[in-house]
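The next part holds the structures, each set out as structure tokens.
Next, two complexes with chain A in common: one pairs it with chain B, the other with chain C.
For the complex of A and B:
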């Protein structure tokens, strides 16, 4: 399995290279000129051109890409056009809040979804199952920014239990960090929870209708053993798949959640960089996100093997 | 149909009412002023995204706000927009107006402990005057700079330029901030990355998260002037140990943070949330800024149909400023029609020859458009989708143009795209444009020196490239005149001429409220976001 993991990691290199070329090319043809944004309203065309030359934006595509790729190979993602801060540092500043949000959201989604999905499947057609179906559909239909505003209204402004916004790094104040992450993680995780819960229920129902479950029941296995030892393990592959796919979509949700709760994460950095045409930052972020997607997919594949030893690559 | 905004307002009202009605709560104490910040010693401001530390390299408003915290100016405008000595102790004019001798105040220090010297000031003026519009007029007028001593320097003019002190003290767009000579000698098209000024606060570089958070600490060695604050002139007292700016993109969250006491000051509250905040006794909503926001339609004079003065005139006749501004400003008190090419609060803000934009009659405008020979040429409106006010204005103007019978195409885009597109002088079929709406502060349009759009310099001038030699000649006369009364007369003549040729179409003005916690004291009227002289105490 280690060999397989290494192979997959090595295979990401050409994928990342293709992504890098594609993104660089896309940005090159995107309308908008950072030199114009920098120069401001009063600048003459000559001043704009002077800035363009000073920043190297007047060079042809292959020269700009070559210089960027050369730096990239030495681990340098370049420097922000605007802040003049290294892109690596900008990403490092922001990656902690985003990871906190993503994993927090994922944990909340799993905690809310899997137990209820299993319970609904075990009580198919009963009141709980019907309520579960209605609630998950409703919850999945509500955009997460609305969930966020409602949570802020109730828990921050109304009850004053939690802060409205902001991010405190855990190494500075763990308590403030945890309190501050509750609402954002709930906001991000709740919609995702509905999706996982539905898949959990459906997958469990599928497994529970199979012969080996009937056999286990006939042999007198108790309900919990049937549900958790026999059924859940076999139902896990679709659940892991949807968690893996959904984790990628969580990154999109994180952009909105970060904006609502003023969390200084990668999502907001991406929006800022795009609006300013800060090309080095955009390129660095796309590479990081691409690497994230690849790693999540890799993790999902490896978990498959753990869950079902029959799966081989 | 209920909109997202409606929902936000409802949610906010619900929250506000629950908070006010004594909802059981565990008071959540949070200092958003940054880690380790003693609450009460930090002014916590809902800020904008600070990306660059060079106020000469870029005119981005967050950089301007940053610059006013850490830098100081030789001169600064008072509440009547008159330049007053700030870092300068004073100045004298010699050689029949051809030499200015400026003396620095005692005790001026940069944040690295070095004294502010005459050579720093000269280098700073040179760098600023290479980039700023008014500054370029200074550069063209200056013959020589001369250091007399560490505290005294001379500016010798090559030709008469009575507006020198006004230029050095200007508060709009790019200001003449004084930096150490080593920073000021950096090519103005390249960005300085040091943050050493001589203002009342120093920048905490190590805490800066570009686009998200930035903070300042009081500069203990700053020596303020003794006069009370007036505009951005007068004494600047650093009332807090720290000032922390947190970027909160979402207006509803920003309002909630202010109402919950997590933030102290919101300089740019969303117009549609003001009523909610006005209902909170802990929040003051006031019209602090002395400079209104002016909106204009810049038309392209090089391409049809707006290369035809008659078409420009017809469109101007169709626009109803009150209706237009009302569409973006829910508070009728802040709907400010202004039938002038100048800031209507400024001495030049008269309505001379303004009949064309006061017509506001679609039928008459249609007749004028037909008389002008409009043949259905395509009109491409470059419409930025943010900020919301500009987006709203674009949509309403698009509707006015359609009612007028114009073949208009509104193209929505972000600012970066628009800023590139508007440089094109090509026909609309080849990627060109016909018009775009732009917004400026009152300070930016207060007189012919600062109003970049009010020109007739053709392709050498601002976008739109209006060509009006008579207007340019009048502007030159205005610059050269040393007599304020004569300048006022020429300014009026400039406006009369501008309404004949319409280099751009004024669309009216509005203002902006500031919202802040009621326990802040000393918030004073200013044309920029000034955070000195403010302190915290009992409710104001």
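For the complex of A and C:
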């Protein structure tokens, strides 16, 4: 197990290296002078030259990449062109709200999807199952900001149960923080729930048609015991896999959700960086988000071993 | 969803030949019901595509024409969907915007299908390149798609071409992986081995024996790419990193309506409904195609 874990961790290195080269190289393959791109179209030649020297664009590509990679490995993501602050610090300041949102969204997605997916599979072809399939396809087709606006219209503007937008840090007022996170987490979780629910249903159907389930039924096991103890355990690998793979879309959704609910997290930082054409910050954010995604999928691979004792590496 | 209907129909059709041969219209009707998802998704998509193609003949005016005297009007007889803050007619903007949104999704689908197939074929066929290509694809796939598009858009500046390019780069690895997997399993098939042994050249094997086998998974995956591309375009435009604001697209119209959505929610929801219906139509069509092509499901029935 330890050996497998180590091997799997080593396998993430080339993937992250590709991401790093890609993010860095992007600045060079896009047409135009990168210094001009960063400075913006209204910048004077002197400003452009200052950026060119500061960013090291006057040196050959491989020298620049070497320097950049060296600093990256020591945890330095460069300096923001706009605020002149280190990118690492900018990201550290904003990471809290985004982590809350991702975690909350994931919990809501799992709570909404797995129970309904199991129930739909257990009642295959019945009214509930057909309604379930129709609702998941519909929900899957609605962009998440529309879901967000609908939720706000109903629960904040209509019923006035929850705040429309804004973010209160948990150390200032825990109650307000939790209330404020309900709608953003629901917005983020609902779209993801459809995907997990569909996979749960398909995976459960697959397992429920196998011989050991028939045996369990024949020996008179309780229906719920068959569903949860026998079937769900065996159906969980595809579910965990889709949670890992779907994490990328969850991150994308978080960027949009933060912008709807005015949550000062990494998504908002991304949008601010776009409007300032602050490429070092965008670079840092893409790297951090990709590393998060790779780590989540590393965790998923390690969870496989816990879920299925037959998997031995 | 339609297992019940399907099995009933199967029974009905099995009995049919003993009575009298089916007429052409009845056959078509039976087929349409047999593949109800394809019928529903395809029809809805066709209607939406026709609406946007026929936009000039459906009572629209110039979607960019500003009328400062009638700004922010609610839906009325003169402006069916109301007007925006520049006094532009939302009905015309939504119809013309549909052209751009559908075209962007369709272009991404075609481009990523062609390039993805090529990369997948190369990766499956030239073994020493496989490791390198697939690691690059893994790397590209581990960047969350919206962020990848944002990074590309922030460097190149907004234009229709860059939107299509950015979203295509996101989708190419997914197609390439699918095609590689399919070709790798096809290569092991006895008929392909037979063709190799009988001396067919690589091009003949690829075009005659391998590519045809990739067609059905490719078509199914491509429909989803179309749907996903339209959603990504909308999200990019919504946060201001997508289609240039001068070009109407569903994302841009919603982005325009954003500031006022609490007072004029229809400015966001009307284009939202059009987008949702389109993506729904494509997804249902894709599900239907998947079920129709999947031999395991056919066997179960």
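By definition in this document, the second predicted complex is superposed on the first by the 253 of 313 C-alpha atoms of A that agree within 3 Å, B and C clash if a C-alpha of one lies under 4 Å from a C-alpha of the other, contacts with A are read in each partner's own complex, and residues count from 1 in each chain.
Here is the rule we go by: a residue touches a chain if its C-beta (ideal position, glycine included) is under 8 Å from a C-beta of that chain, and two chains touch if they have at least 3 such contacts.
Everything quoted here is computed from the prediction, not taken from an experiment.
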item	value
Which superposed partner A:259 touches (first chain B, second chain C, both, neither)	both
Contacts of A:123 with chain B and chain C, given as first, second, both or neither	neither
Touching partner for A:70 - first (chain B), second (chain C), both, neither	neither
Partner chain in contact with A:277 - chain B first, chain C second, else both or neither	both
Partner chain(s) touched by A:210 [first = chain B, second = chain C, both, neither]	neither
Which superposed partner A:153 touches (first chain B, second chain C, both, neither)	both
Which superposed partner A:7 touches (first chain B, second chain C, both, neither)	neither
Touched partner set for A:80, first chain B, second chain C, both or neither	first
Contact residues common to both interfaces of chain A (with chain B and with chain C)	31, 37, 145-146, 149, 153, 157, 164, 259, 275, 277
Touching residues (chain side chain B, partner chain A) in the complex	4, 7-8, 11-12, 14-16, 18-19, 23-28, 30, 32, 35-36, 49, 51-53, 57-60, 131-133, 173-174, 187, 189-191, 193, 209-213, 246-250, 252-253, 256-257, 259-260, 262, 413-417, 419-421, 423, 438, 440, 452
Footprint of chain A on chain C - complex, ascending	1, 3-4, 135-136, 138-148, 150-156, 227, 231, 234-235, 238-241, 254, 261-262, 265, 268-269, 272, 275-276, 279-280, 283-284, 287
For the chain A and chain C complex, residues of the former touching the latter	14-19, 21-23, 26-27, 30-31, 37, 124-125, 130, 133-134, 137-138, 140-143, 145-146, 149, 153, 157, 164, 248-249, 251-252, 255-256, 259, 270-271, 273-275, 277, 279, 282-283, 285-286, 289-290, 293-294, 297
Residues on chain A engaged by chain B in the complex (per definition of touch)	31-34, 36-43, 45, 47-48, 50-51, 54, 80, 82-85, 90, 93-94, 145-146, 149-150, 152-154, 156-166, 168-169, 172-173, 176, 179, 259-262, 264, 268-269, 272, 275-278
